[in-house]
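Since the structure comes first, as structure tokens, the remarks are kept for the end.
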Amino acid sequence: MSALAAYTTSTGEAFQFWVLGTVAVIGALCTVFMKRAVHSALCLAGTMIILAVFYLANGAYFLGVVQIVVYTGAIMMLFLFVVMLVGVTAADSLKETIKGQRWLALLCGLGFGILLVAGIGNASLTEFNGLGQANAGGNVEGLAALIFTDYVFAFELTGALLITAAVGAMVLTHRERTERAKTQRELAEERVREGKHLPPLPAPGVYARHNAVDIAGLLPDGTPSELTVSKTLRDRGQVRDVSTEALNDLKALEQRAEDRLERTNSGNSGNSGNGGKSGEASK
Amino acid sequence: MENLIALLVAAPLLGAAVLLCGGRRLDAVGHLIGTALAAASFVIGVVLFADMVGKDAEHREMGQHLFSWIPVEGFQADVAFQLDQLSMTFVLLITGVGSLIHVYSIGYMEHDERRRRFFGYLNLFLAAMLLLVLADNYLLLYVGWEGVGLASYLLIGFWQHKPSAATAAKKAFLVNRVGDVGLSIAIMLMFTTFGTFAFGPVLEATGETGEGKLTAIALMLLLAACGKSAQVPLQSWLGDAMEGPTPVSALIHAATMVTAGVYLIVRSADIFNGSPDAQLVTTVVGAVTLLFGAIVGCAKDDIKKALAGSTMSQIGYMVLAAGLGPIGYVFAIMHLVTHGFFKAGLFLGAGSVMHGMNDEVDMRKYGGLRKYMPVTFVTFGLGYLAIIGFPGLSGFFSKDKIIEAAFAKGGTEGWILGSVALLGAAITAYYMTRVMLMTFFGEERWRSRPTASPAEPSVEPAAEHHGEHAEPHPHESPRVMTIPMIVLAVGSVFGGAYFSLGDRFIHWLEPVTEHAHGHPPISALTVTAATVAVMVIGVGLAWLQYGRGPVPVAAPRGSLLTRAARRDLLQDDFNHVVLVRGGEHLTRSLVYVDHTLVDGVVNGTAATMGGLSGRLRRVQNGYARSYAVSMFGGAAILIAVTLLMRAV
Amino acid sequence: MSFPLLTATAVLPALGAIATAAVPAARRNAAKWLALGVSLATLVLAVIVLVRFDPDGDRYQLTESHAWIADFGVRYELGVDGIGVALVALTALLIPFIILAGWHDADPLETGNTRWRPTQGFFALILAVEAMVIISFEATDVFLFYIFFEAMLIPMYFLIGGFGDRAHEHGEETASTQRSYAAVKFLLYNLVGGLIMLAAVIGLYVVAGNFSLQEIAEARANGSLEMATSTERWLFLGFFFAFAVKAPLWPLHTWLPNAMGEATTPVAVLITAVVDKVGTFAMLRFCLQLFPEASKWATPAILVLALISIIYGALLAVGQRDIKRLVAYASISHFGFIIMGIFAMTSQGQSGATLYMVNHGISTAALMLVAGFLISRRGSRLIADYGGVQKVAPVLAGTFLIGGLATLSLPGLAPFVSEFLVLVGTFARYPVIGIIATVGIVLAALYVLVLYQRTMTGPVKAEVEGMPDLRARELVVVAPLIVLLIFLGVFPKPLTDIVDPAVEHTMSDVQKKDPQPEVEAAK
Amino acid sequence: MNPVNYLYLASLLFTIGATGVLIRRNAIVVFMCVELMLNACNLALVAFSRMHGNLDGQIIAFFTMVVAAAEVVVGLAIIVSLFRSRHSASVDDASLMKL
């Protein structure tokens, strides 16, 4: 790899570029246009991995690894985590609310892209010198040498930045609990005092199809009770209402019951008839 | 000796300061302090006079330089006094008559709770007037000039609770201000022409500049004089000025302040001599005014306003004389002095009459008062004889000389001016006789006063105290009032004779205002005879009209002229329509313009901006993403621009 | 270097402002006394400056100079000439009276309100304005001057918009809306002017390469700094516009009546007597020194505008129904005189103009403050609501009259000296303009006397009955001003001695000679 | 092949990311798009460092990553708390800037 070409690149790299580049672009587009956040995240992860490969191809071995470890490993996981926290299936409709926003955005994007390309195009970047001697002592050592000499101050700053970020994240997300946690007894008394839901909340999952956390339990009159679904799901609007099908099931059941009863009824009458007859016969 | 000059001014100024800042605790003694300081100033004047007479005619002028007032590059104004015969004459007149009137006021203002302040104002006036006549440059004179204006403003409006008084005061000040514009422009002209405005240098340098400049300066000075001395066209304020207390009318609006204009002209003799046109204008103004005032005087039923008219016309005589140049200056001053005596006397008499008549001023409600207030009658009568120029009394000498001089101007002008002066003398005799008869003779119209409302609403405040219909009890005024009247009467009897015997006055003033003997086309004797004749005619006419028959209490409608004269010959109406109304409309419209146009332009732009921003505001829909779009677009545009720049 | 006296005169009130603002809410009176004390101390400093200043010495004295923004050649340069000294003294003199006059203007409406802070703010802002005004009188670095010239607007804005007359005749609601309108108007006008000036300042830097007034002026004088005629004219206009807004010159005047009408009387005095002077002062200091040629080029137009201001302001004053607006328009007329004197380009005119700045400050303060006391008694600004006050409160009426007489520049009172000098100076070069301007004195008499007659004389109005006369505090405010008016009217020599040399310098800057009197010219 | 293509690719990705930021309402997705943009920049930087033959580009890219990490941490924290407070992760709901 130290013989990294100075004026042009190997056909292998070219091939790799064209293939992976296409994938990367597609991944990016998917990131933007996927309905669900999870999908976007996954596509993004893909793109990033490809970028990592490109870094390696460009002789930035350290960065390539870091890209995979930090980005795809850490950051993207963080994303997914948050997505889960906020709601996997909360698909926000891509329908635009602000008038003309989308078209403006696309227009700007297009123009911007064209401009960038044009800019790069008329910047005369035909010949360039590779990282041969720069990476001679090894890429990581080279980076280290620079970071701890020229960029040491910036480096320290990034340290400070990271710490700040960590603290900030804690401050933002951590909810300080001010009052003492209530004991069960207290909770119970409170419930009694409020006078609603003396019994514990109804359990979900009546007429379960699958793990029915998201299915509201039915009240005696067959109407679903939201209370039986966990708050998070309710907030995500992931409550499945099964009251109607439940009622249908009920009807079907009764129907079948009817039939059976019908048969038995006729049987009985027969018997009674017979019995009558038998009664007559006994005279 | 020189150092005394400042004291002349300082004494009354001190009085004014003390009395005006003194507060209530001085109420008890205020009038005494005021009078004392006025008298002190008079005494100083006499001392200086004695000293001056002691020297020979050439070296009588003396000066005192106090301090440099406005020292600016190329512009030196000093506070310096100059005392020559002319100033001395005025000093004596002012302080003398002034002191007398102070004394008189003690009695007259006895019942006024603001008497202290009144005396303070009087002292202020004395100080300003003395400053005016003692100044050795025009700028300092200007200070005195405005000072007396202020004093007269304060004194005319002394009874401020009367809107009429307040208005009259304002009017007086404003009209005077118009005159002051003239004076200040004149001073500027002097400065640009001569580089100075001290009497000495300016008057010596008159020869070195063109007649045009001199005419301009002289006319501006004349304008100032018209304002102060109530000459046409700026005479309108004098009549209303009678709203002030009578002593004020006597001192300021008869004896001293109104004559300041004459002083100014005589003082600037060299300038006027240098410009015949200006002199002609001056004489014309004088002549017109003396007729104007006389005619107005004939028609007024308010005794003070009648006297005011006569004052106007008498000053007209003086201005006329002053306009005649060297042949007239001395006589102008002489008439000024004698007039100071008898007119002050007359006013004090009128005041005394009003004092006894519940401050009634309408002569139609007088009559037959001679046996109730003998002293007043006698003194008033002497003043009357003096003013109509009864042979032997002071008015006779001075006025006769002026008429002579008028004829002596020569040419048709001489004839016209002379005959006008003669006519004026006749009318003077007529209206003064009218006043005399209506006041002291005839049946007592004040008894069983009819309910007919008075022609002129009674002005003095006490009228409110005594009920409108309470019958007055005419009585002689206290001695403190009568004595000054007596003194003035004496002056008005013998003054003229004393001055003119052996041309004392001429010799006295000659060093200051050179005197030339005029040569009337007709003998002086003829003129004198004519004067006496017309005087007799005037008296006769008046007697025919008011002496024989009873005088109607309600003023008859009268001829067109009479009615016009009652309204100051419509001059006030003119002012009202043209200046007041016009001015009001102008200001109103300007206020409107300022609000709509000047301000409107600005507010208009502001409004358009507001509308614009209102439209722009729509873009700010608060969605972060749309802001992001604009940001992104902006970035794109920037890149485009940079690329283009690099491409170009 | 010696003790930085000039800096001290500006820093002291600034610190005072901070301290005053920091006084706890409950200790309201402490704040007042503190502010008063600081202003008096500043006055003492100003007097020291006045004493240390040697009229016959070199042009700028007590100078201080430190590098500030080296990259742009901005220096912290202070220095006073005769004109500056006079105006610094005026400012330091007036502020204590203003504070004293506004003693109760910022008190809480309901007594016993312990959380009320505006009182402290009011006095702190006044001190802040004082500091800025003083330093802009002392700055000899264009940029330094510009900064404070603009910064002044901020405290003024709050003073106008935040504090209004108590007991307004129509409801507090409309009053406050009008107030904010006036404040915003004031701010906008002056900001526009300031921004245009900023452009000119930058332009000046581009042309001259530094901001030092003295250096540039010298360079101009000895011709080492050439300016294209058009450039100079544009820069001049840029500067002049800002100053013309500040010292309201027709037709840029309309903000003044609103501001003075709506603000409390002390603030109104602050505006017209102190802050606006910066404008006229700057014309004299910057326009004439930096752009002599352009100044001469623009003189005729400016004189005409000034003339219009004189007559127009006076006429509008006559037409006003509101006492404070009347005084405002009168001030516009007077500023016309000042500007006319400055651009008459004669030493009389410019000395007169400088004296006029001082005298107008004192006389307007006297008149306006008394008017304020009157208004505070009756709670109305409308002339028609008064009448016969003279009978009820003679001292108040008397002081009011004296203030009025000063405003109509009666001889013997200070304004006369300056006004006459201005007129003479103008007349010497432009007779026609001089004569027309002289008509202004009649109009002045008209509006003053009409005001006095309508409010003070005549029968006593029912609402006026039992109106108390001037209290001790108010007398303490007014009496010294009146004494000063009379003294400077009778003996202005001390002032002229200080001002004259400075004016001579300015005259030499514009290379103008006084016109010779005709008689000498003939010889 | 000319490594400039990497730059083209980078700009393409960047543009896509930017557009995504503009048209997606879900804050998380928006964040992902931001990350995409950052990565695009990184790619460009790496390509540059290769062209210039020194490692500074890579260093900058490295720093970018660090900053990106920090940013993601804080940003996601913000999103979470936002979601807690108003049960939605839509950026349009946070339209308090509206007048």
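Letters A, B, C and D mark the chains in the order given here, with residues in each chain numbered from 1 onward.
Quick note on the criterion: a contact is a pair of C-beta atoms (placed from the backbone, for glycine too) under 8 Å apart; a residue touches a chain by one contact, two chains touch by 3 or more.
Note that the coordinates shown come from a computational prediction; the quantities given were computed from them, not determined experimentally.
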Chain pair with more C-beta contacts, A-D versus B-C: A-D
Farthest-lying chain, centroid of Cα atoms versus that of chain A: B
Centre-most chain [mean C-alpha coordinates]: C
Intercentroid distance (Cα basis), chain C paired with chain B, Å: 37
Inter-centroid spacing, chain D versus chain A (mean Cα positions, whole Å): 19
Rounded Å distance between chain B and chain D, as computed from the means of their C-alpha atoms: 93
Inter-chain centre distance, chain C versus chain D - centres from mean C-alpha coordinates, in Å: 58
Per-residue overlap in chain A, given as positions that touch at least 2 other chains: 98, 101, 104-105, 108-109, 112, 116
Chain C residues counted as touching two or more neighbouring chains: none
Per-residue multi-chain contacts in chain B, two or more chains: 621, 623, 625, 629, 632
Chain-chain contacts as defined at top: A-B, A-D, B-C, B-D
For the chain B and chain D complex, residues of the former touching the latter: 617, 620-625, 627-629, 632
In the complex with chain A, residue positions of chain B that touch it: 621, 623, 625-626, 629, 632-633, 635-636, 639-640, 643, 647
Chain D contact footprint on chain A (complex, rising order): 4, 8-9, 11, 13-14, 17, 21, 24-25, 28-29, 31-32, 37, 40-41, 44, 47-48, 51, 54-55, 58-60, 62-63, 66-67, 70-71, 74-75, 78-79, 82-83, 85-87, 90, 92, 94, 96-98, 101-102, 104-106, 108-110, 112-113, 116-117, 120, 125-126, 128-135, 139, 142-143, 146-147, 151, 154, 158, 161-162, 164-166, 168-170, 172-173, 175, 235
Complex interface listing, chain D residues touching chain A: 1-9, 11-20, 22-26, 28-29, 31-33, 35-36, 39, 42-43, 46-47, 49-56, 58-59, 61-63, 65-74, 76-81, 83-84, 87, 89-90, 92
Complex interface listing, chain D residues touching chain B: 18, 21-23, 25, 91-92, 94-99
